[in-house]
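Both complexes below contain chain A, partnered by chain B and then by chain C.
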Partner chain A sequence: MLDLVAQTSLNAIYAASYISLIAVGLVLIFGVMGVINFAHGELYMAGSYAVVAVYADWQMPFFVAVVAGMVFVGMLGLLMERGLFRPLRDNPLGGLVASIGFLMILQALATLGFGVRMEHIPPVTQEIISFSDKVRLPMSRLYVIVAAVVLLSALWYFLKRTRFGWALRASAQDPEAAELQGISIAQTARIAMFIGAGLAGIAGALTAPLVSVNPHMGHTVIVTAFIVIIVGGVGSLEGAVIASVVYAFVHTFVTTFFDGVVADITGLSLMLLVLIIKPTGLFGSADRA
Partner chain B sequence: MRNLLIWGLVAVGLVLLPHGLSFSQQEILVFLTINVLLVASYRLLTLTGEWSLGHVVIMGVGAYASALVSKKLGVYVPVAILFGGLMSALIATLLSFPLFRMKGFYFLIGSFAAGEIIRLLWKRFRDPFGGAKGLKSIDPMPDFSIGIYDFDFFEPVSYFYFCAVVVGFCLWILWRIEKSPVGLTFHAVHWQDKLAEASGVNLRAYRTLAFAVASGFAGISGALLAHYIGTINPNSFDIEVMVFVLTWAIVGGTATFYGPILGCIVLTILNEIVLREMGFEQLRPLIYGAILISSILFLPDGLESLVQKAVRTLKRGNRQRSAAK
Partner chain C sequence: MFSKITALGLTRRTFLKSTAATAAAAGLPSMALAAGEPIKIGFLAPLTGAVAAWGKPGLDGCEIWAERVNAAGGIQLADGKHMVEFISYDNEYDPAKARTGATKMIREDGVSFVMMLGGDTWPGVQPVADKTGMLFSTLLPSDLSPDSTTLIAPAEVHPIYNVTGVQWLAENKPELKTAVMCAQDDALGLPSVATYLAAFEAAGIEMQDEPLLFDPATTDFAPVVTRLISGDPDIVCLDTCYSDYVHPICEQLFQQGFTGQIISCTADFYDQMIAKTSKEFMEGFIFQFPDFDDPALNGDNINFEDPNGFYAEYNARHPGQWGAVSWEYAAIMDLWKAAAEKAGSADPDAVVTAMKDGGTGKHAFGDAQWWGTELFGIDNALVGDWPVVAIEDGKAVIKGFKSIPDWYEKHGDLLIKHMKAYDQMWNQRG
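The block that comes next holds the complex of A and B.
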């Protein structure tokens, strides 16, 4: 029993890592752009397919594929900013609808390029860390955990300690006042989109060998990310991380001890409960990041 | 008199319409008729300013309810369809208590969560909902004859006539609601909520009313669908279908009654007839996404704004001509 709890906790930590990468990107985009990006799950999917192409098909090193995935998806983010969100700045529902359109295009492109079948990628490493007979952590899962910790710390440092981050937070709080101070809104929007999308891309790239890559894999991910950002408070980066951990533990434990569908219902009910009781989220204020 | 003539012509046109089509096109026509009701009911909901992502699941509630009472209790199918609509309205009224504590984006996400929970419950409980496989061999509409025409509901043409009558009647009710004082209050709740509240309008009650009525008609459309295709499962009502409804409404425009219906008809014809027959099967979601994006970028007021512009130009032309005389 203790083994089972320990193993489930390890699984939950792994889930929390990639969920928080995705959710933090979503929150960052919402904070700066004021748009809920429905295509975020498909950005994650694009990151996975980057690994399929670069690592599995072209036989490049895994690390190169992950960086390629991040840059590629970051560029997709820039494309969305320029083509969709900037022209639709004054139309919040418009940005959301346009991102749904973009999602359909990405899914269709993935289907056209790789087919609907699931891609299985050769494992990066077969190594497994064994804590005991029944408690084991595959090395490739550890990569995800380490990457999440490193990247999120770097992001935190970037946002709270550098001039760029300061400008980014300023334009999230009050775009007009920030512009008066000589901060370029367009510039911060590009940085936020690149980072936000890039984080989803990394999450997709790192988990690609661990999940079944298919054109519709973004769907579950976006639902999870929405639950997390609502529970954490839509504008709060810290809230998103904490909520990712909470959600991952609840979902993993309920899946292990009951079943997956009950776990999904629990997660959604958690979100509805937060929406009913405290719509600004457990850690958020009503404002944007 | 002139109006009567126009509607008479429309009716004759609808009666003749399926006979010029192939079998698969007749089937599409049935789905189109059902979807027209779905998207028109969605517009009633958007009148009060809320965009729901749970509307298709609510449609599914009607489908499941109607299928179950006709299958398990042997209720006469038309009565079951009506029951499906009532069930949807009832579930929507219950959902309105948590959901109407939210507005805007939160409502959007909240309605999505509520819908997903309902869908997962269908999946989880094999009895009575049939689990992931759903319900099979749902009773079809029993055949009957009205003397000059024998209705055989395995024929899409017959079912199209049946649907057209039901949907036409529902659209008429929806139209009457919108033009009634209640409908005007819905507009006020959206555009002047503070003023409306100050004038003694119970915002919450009117939002709930719009939600329940819109859901009731969505439920009827779901029930019509269930008794035609004979099998439904949780995935028949998932978010992808909802995205289609959203696309119809956005591309058509929601400022007028006919806007979403126009969007639904134009996109269905484009999707099913043009793209399918041209063999672009795999490209269809891509084209759909591109249409969605370009319409929000370049035609933010929807297809209806084109119609309005055309009507204005025509009128101006007429006026100039009569002035010249």
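The block that comes next holds the complex of A and C.
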């Protein structure tokens, strides 16, 4: 039983890692831009396809592909900011609708470029850390956990300890006051989009060898990310991270000890419970990017 | 004209029945073929989306089939030879799109027969089938019901043939005593769960746990696998999972240290699974869909023309794309062609009557019988032998053919019991 709990905990830590990377990016974009980016799941998908192209097809090193994925998806974020969200800055609903259109474009491009079938990505490594016969952590999963810890720590440092980070938070809290202080809203928006999209991209890139990469893979991810940011409090980065951990542990343990369908119901019930008890989410009123 | 048709083996009664039915369906536009006009066959299946792996490879196989048939002169009907042409429509595994596609194929394209994957898309198409009397085929006989007499399942009796894999395991690896199972919670997964439960019970293999169901949207299978192997089962059964699930589940089984027996309905693109795990790990993996270069398919019992050549041609055109359905739609076309030639007509009623004449038919894997009243409410499934396939030294190998009707005769009550428990009998489905 102890082994089962330990293995399930490792599974949950991995899930929390990639979910938090995606959710934090989504929250960052919402916090600074005021737009709910429905295409965030497809940005995750684009990161996975970057690995398909660079690592599986062109046979370059995996970590080169991961960096390429992050940069490529970050650039997609910049494209979205310039082409979609900036012209619709005063129209949050317009931004939302535009992001839905963009997700369809990304899905269609992935289908045209790579076809409809699940992509085969050779394993990066088959090394496994064995804690016991029944408690094992594949190295490829450890990469995701380490990347999440490093990147989210770096993001926290950037937001709390650097001038750009202060500017970003100021723009999120009160754009007009920030602009009066000489902060460029357009520039902070670009930074937020690049970082937010890049986090989704690196999550997609790192998990690509571990999941089924197909043009529709973003759907499940965006649903999970929405649950997480609602539980954590829309706009709260800390809330997104903590809610990712809570959601991942609840979902993983319920899947293991009951089944996956019950786990989905439990995840949604968790969201409803938080909305009833604290409609702003766990950290909604206390913090905002 | 009449003598010509009777010469082709039709009785007067059958002819009158067929023509009456044809007259009743006179509302169908473009049904009658002009002499020499190509016969159009509808291919209504998911060509994109998550289920495309059970549609697109089938269309690719049909194109090869059509080229072969046309090169040999086409299909011989009463009024002469006709070339054959496939009209495809991507239903994206969506019932509404499937309905639109069926209507278009019948009304605008003038197809004589429509092949479908079935499953979730059939309820969308059923009203069109009932209204027009068009002949449809499905790969999933769980779509069958007495309400739709023009729906047939002539290639695949999913999931009933899964019993043959378990039966083979019990006979050849009697040391395997316990099993666990996981499945996606959908119209494809649940009847297969019931079938495997019946097969394990019939084989005396104990289920360690209730089948573990997961949401079809699942992407991380580590928790599922952790639970599955927590009791050290001898067998892990992957039910009829889509290949998007089979691959990551197998990878997880490998990573979490499972060393027992794996059995699955399909193992599409198993070479990729081997690449992600190891040849040793995949050795002995049991499933139900052979590669058609298998020498066992050259026997006299096989009713699929030149399976090895078909497989070679398929792989030359679509390298690495061979899957469970690559041959199935083509096999249905073999049956349809034989029936149309026997009837001398492409008319749906005439074809289905000729196809079911005598209650037997030539299934790809041997002579079979039209069957299914107890399970589906109608004898519209063609059932006979089915192969059991194992991966040996990195290659799929047919280990033998097992009779589904023989198994059912002995253990049919178990199958019905489990089907009822999962609400999968034809009169229980919504």
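Convention: the second predicted complex is superposed on the first by the 286 of 289 C-alpha atoms of A that agree within 3 Å, B and C clash if a C-alpha of one lies under 4 Å from a C-alpha of the other, contacts with A are read in each partner's own complex, and residues count from 1 in each chain.
Just so we're on the same page, a contact is a pair of C-beta atoms (placed from the backbone, for glycine too) under 8 Å apart; a residue touches a chain by one contact, two chains touch by 3 or more.
Treat the numbers as computed from the prediction; the structure is a model and nothing was measured.
A.B. asks: On the A-aligned overlay, A:Asp57 touches which partner chain: chain B = first, chain C = second, or both, or neither?
C.D. replies: In the superposition, A:Asp57 contacts neither chain B nor chain C.
A.B. asks: Which partner does A:Asp174 reach: the first (chain B), the second (chain C), both, or neither?
C.D. replies: In the superposition, A:Asp174 touches no partner, neither chain B nor chain C.
A.B. asks: Could you say whether A:Glu127 touches chain B, chain C, both of them, or neither, answering first, second, both or neither?
C.D. replies: Once the two structures are laid over each other on A, A:Glu127 reaches no partner at all.
A.B. asks: Does the superposition put A:Ile276 against chain B (first), chain C (second), both, or neither?
C.D. replies: In the superposition, A:Ile276 touches chain B alone.
A.B. asks: Between chain B (first) and chain C (second), which does A:Leu88 come into contact with in this model arrangement: first, second, both, or neither?
C.D. replies: It touches chain B, and chain C stays clear.
A.B. asks: With both complexes overlaid on chain A, does A:Val261 touch chain B (first), chain C (second), both or neither?
C.D. replies: Both partners, chain B and chain C.
A.B. asks: With the two structures laid over each other on chain A, which partner does A:Val223 touch: chain B (first), chain C (second), both, or neither?
C.D. replies: In the superposition, A:Val223 contacts both chain B and chain C.
A.B. asks: Just to be sure I follow: which residues of chain A are touched by chain B in one complex and then by chain C in the other one?
C.D. replies: 111, 219, 223, 261, 264
A.B. asks: With touch defined as at the start, can you tell me which chain A residues reach chain C in the complex?
C.D. replies: 4, 7-8, 11-12, 14-15, 111, 116-118, 120, 122-123, 126, 128, 130, 133-134, 136, 138, 141, 210-212, 214-217, 219-221, 223, 251-253, 255-257, 259-261, 263-264
A.B. asks: For chain C, which residues count as touching chain A in their complex?
C.D. replies: 47-50, 52-53, 56, 185, 212-215, 217-220, 222-224, 226-227, 230, 243-245, 247-248, 251, 255-257, 269, 272, 275-276, 278, 321
A.B. asks: Flag every residue of chain B that touches chain A in the complex, lowest number first.
C.D. replies: It comes out as residues 51, 98, 101-102, 105-106, 108-110, 112-114, 116-117, 120-121, 123-124, 239, 243, 246-247, 250, 282-286, 288-293, 296-297, 300.
A.B. asks: So in the complex, the part of chain A that touches chain B is made up of which residues?
C.D. replies: 36, 84, 87-88, 91-94, 96-98, 100-105, 107-109, 111-112, 219, 223, 226-227, 230, 234, 261-262, 264-265, 268-269, 271-272, 275-276, 279
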